[in-house]
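The following pair of complexes shares a single chain, chain A, combined with chain B in the former and chain C in the latter.
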Partner chain A sequence: MRSILPILTVLLAIVGIWYLAAIWMNATWVRDQAARDGREVAFSELVVETLGQERPVLPAPHQVAKGLYDGLFGQKVTSKRSLVYHAWVTLSATLLGFAFGSAAGILLAVGIVYNRAMDLSVMPWAIASQTIPILAIAPMIIVVLNSLGVTGIVPKAIISAYLSFFPVVVGMVKGLRSPDAMQLDLLRTWNASDVQSFAKLRLPASMPYLFASLKVGVAASLVGTIVGELPTGAVAGLGSRLLSGSYYGQTVQIWAALFAAAILAASLVALIGWAERLTLKRMGLAR
Partner chain B sequence: MAVLTGAGFAVDVRLGLMAMVWFGFWLINAGLSESRSPWARRIVPLIFGVTLLLLWEMAARLFGISRVILPAPSDIWAQIGQSLPILWADFLQTFIKGALSGYLIGCGAAVAVAVLIDRSPFLQRGLLPVGNFVAALPIVGIAPIMVMWFGFDWHSKAAVVVIMVFFPVLVNMVAGLKATDAMQRDLMATYSASYWQSLFKLRLPAAMPFLFNGLKIATTLALIGAIVAEFFGSPIVGMGFRITAEIGRLGLPMIWAEIAVAALAGSAFYGAVALIEKRVTFWHPSQRH
Partner chain C sequence: MTDAKPKAVIEARGLDLVFQTADGPVQALRDVNLSIGKGEFVSFIGPSGCGKTTFLRCIAALEHPTGGSLTVNGMTPDEARRSRAYGYVFQAAGLYPWRSIAGNIRLPLEIMGFSREEQDRRVREVLQLVELDNFGKKFPWQLSGGMQQRASIARALAFDADILLMDEPFGALDEIVRDRLNEELLKLWARTGKTIGFVTHSIPEAVYLSTKIVVMSPRPGRITDVIDSPLPRERPLDIRDSREFIEISHRVREGLRAGHGDEV
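Take a look at the complex of A and B:
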């Protein structure tokens, strides 16, 4: 609670710097226009004109807020101009991919923990894959699947599944291995079977690790989906809003789409954080 | 297992062959991983990788998959051999000019800001939640804006990379500067060390494990940022440009070649940072095996 004031201060400072930057970056255009019309601009006029341009170099915060508001509430949600529509297109692919990616990741992690051959074969590659810019293959997957006749939500979901897969594998393996030898020995003295020690010790112990990697995974999923929307030629989704905005110089549209994506990412991470708190509380692990 | 291979043969001889290769290599790996010798640890993942490549090659050849959909590894290798100059130019443009310069600027700025705000608990309490929040956002989305501001050349890519790497490094560095305990700081105080002395002799070294954590995360982000930013516009050179251009011509082997280079560059970059970490933080428990 006591960090509310500092956070607000920082946010206010950011908005202030943003306004100053908007005036400074948009001023050139205003001066050029004025010179063309042969008129002088006083400083107060300059400020007003820089903050109300149609296609500014840097839109002022209130312009972005208006663009965002118009996009979210200004029209019917089925309209192609509605950000709700585009956000839903992106969100559905993200969620589908994330569900499959993290489920597959958890299964593979269980396999890795219980099978030594799998551990030695797969784990180094799973770790190495984190250092590779996997996102670069996103356009290729989209185009290849398109040429095979697979379009729509599935190619994007595959990319987002792929991106959430590896963080979940690595985190879950760490989590399933987190019980120490003493705890495992205790279960052995109770003659617990492998299934029992999995359900009663390893799985509960892995939960904090799982949720941490789910948060990373869902953010990666969203980025993957957005990038996956780029090569299809700006049809639908937040990524296509970014691309069409950059084609036509609609800076307000880019910023609004960017903030919509940020809100989406933040709510997804917050949702997982909420599930995490709830789960850990029920399990008595909450701190 | 024999049943599965048999079933594969019953459906298709080619499928059976692939099943045989898979299970054969898996048996070797399963056998090797039983042994406790240290070289099994190294050779098992290698065998697994080779198996996957072999299966890929077999699938592409035996089933006659078109090069437009999935080129065989040998095709990709041939493509790499043919177009080394192009790949090298793309590597220079995207990695050295775009990613590496952005990485250095972004990480440098993050460390400097972390040291600055470390003196003010008020700023820390304000900036850290904001930084943590921003680190989880899809920052690659600012790529079109940066391309608009800084033009098509590598400057805009470096700008995207700067913003992408800044927050993870900042958050880690601030945590690192807090990593000294009261006893150590008291010791510095009894030596009557000045702020700068205790910063350079105690707190910066103590922050290094945290800093390198952030730096390692940032290596991957830098390469991703540089490549994705090129999807929004670039000169006619660069890895991201080559990928988008070859997609239009359905030149899949070239795309795979670029991806292979990107993977190699990403791992090498990470490895280099990890190596520096090993030299710098040799004293840390996680480095003593």
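Take a look at the complex of A and C:
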């Protein structure tokens, strides 16, 4: 509880800076309007007007909060204006992609650890795959899959999986290799099979690494889904809210969607953190 | 060969081991001849790099000699490993942090496919043997270093192999704990009648424990002296002040010095 004060201080500072930035960045428009109308603006008027614009350059925190609240609670959840609806569209593709991505990551890691040829051949490609900007490759995946008749959630999930498998591969390879030579020698003296040494030693030893990379992976999954939603013509999802917001200059809408995405990512990471604590505690690994 | 002598459990003849390293070949063992009888307690002593650990690892088929012959129970080391002829204890206890002490001891039994009841029985038995009866449910981090090492010895004993190979098992422990574990190890050896191969840096430890002390020297790793201990099997700790004990210690020290004489 002693940490609550510093946390609040930082939060307050951020909000304060945000308000100042909003006043400063939106002031130009207010002054232009006033000049056109031939009136003078006092400082107090300037503050009020900069913080209440319909399409501000930078919306003030209370505007974003209101936009977020309206989006989450002010609409029927089935409405196309509801952030709950859009968040669900994004979430479902994220979860599917994350499941694909982590499963692929874990399988690849097992292959890399147990097969020398895979060790030498897969890792460079996995690294290369992550150096390609996702923004460049996402539209191609969508278009190619579309021409094959695959539409809807799957193309987005694939892009999401494309981003999330990598941290899982890296983390799991490290985790599966974490037992030291002595541990492996010991298993050899017991004449343990590869399957046994995997199940009894390597897999349990990799758990802390797995959860760390799942946390990174799920956040990457969400980013992948949102990027995947951009080239679909802005039909649904948080990505489409961002895109349509920028088409029509609806900055409040953009910021509300951004915050919705951030809240979603934080919840997913927290959920994995919770599963991590539970698992490691059951394994006796938590301190 | 004649069978006049009792059959050796471990028999090395002209054993050579050359490691191929980036800096060229390194002779880790040269012409090692040694025969270990059933129920003997054999210590290997020598400075770092003398090949004592390497020799133990050869017996365990964790390294493969490049020359000579080595048999364990009349089999090749690999066959002996597959028939689970020995338990191995390393310097670190190497207990799995996610398993309780009982779970750790159960591990080799699970791997070897013992039935659940048999596992329970054996775990109980060896926990008693190393005097950890009430610690089965504890996790490794809840135990002291000495207790962890006892648990790892129990783990090596659980599947009842008749050879116990120990690579500096008490090397990381303080002197007082070490003395106690030495005493306990002797009792355990007396009760179980196992053949023990024991690697150590410590002269008193080697002399106190062994029926046979093998003195080794480095570059290339070789045996410089083999001392059959005249000490009785029953050994209280204060035997270390006896004249015989001091004499053997002296001979070991001489052997170690001689091994170092032809270099440095």
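Please note the rule applied: the second predicted complex is superposed on the first by the 278 of 287 C-alpha atoms of A that agree within 3 Å, B and C clash if a C-alpha of one lies under 4 Å from a C-alpha of the other, contacts with A are read in each partner's own complex, and residues count from 1 in each chain.
By our rule, a residue touches a chain if its C-beta (ideal position, glycine included) is under 8 Å from a C-beta of that chain, and two chains touch if they have at least 3 such contacts.
Given the structure is predicted, the values throughout are model-derived calculations rather than measurements.
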item	value
First, second, both or neither for A:Ser121, with chain B first and chain C second	first
Partner chain(s) touched by A:Met283 [first = chain B, second = chain C, both, neither]	second
Which of chain B and chain C A:Leu201 touches, first, second, both or neither	second
First, second, both or neither for A:Ala42, with chain B first and chain C second	neither
A:Leu187 touches, of chain B and chain C: first, second, both or neither?	second
Complex contacts: residues of chain A adjacent to chain C	182-183, 185-192, 196, 200-201, 204-205, 207, 283-285, 287
Residue ranges of chain B touching chain A (in the complex, touch as defined)	26, 29-30, 32-34, 40-41, 44-45, 47-49, 68-70, 122-127, 129-130, 133, 136-138, 140-145, 147-149, 219-220, 223-224, 227-228, 231-233, 239-240, 243-244, 247, 250, 252, 255-256, 258-259, 262-263, 266-267, 269-271
Residue numbers on chain A that touch chain B, as the complex places them	2-3, 5-11, 14, 57, 116-117, 119-125, 128, 130-133, 135-137, 139-140, 143-144, 147-148, 215, 219, 222-223, 226-227, 230-231, 238, 242-243, 245-246, 249, 251, 254-255, 257-258, 261-262, 265-266, 269
Contacting residues of chain C [partner chain A, same complex]	60-62, 81-82, 84, 86-88, 90, 92, 94, 96-100, 107-108, 110-112, 139, 141, 159
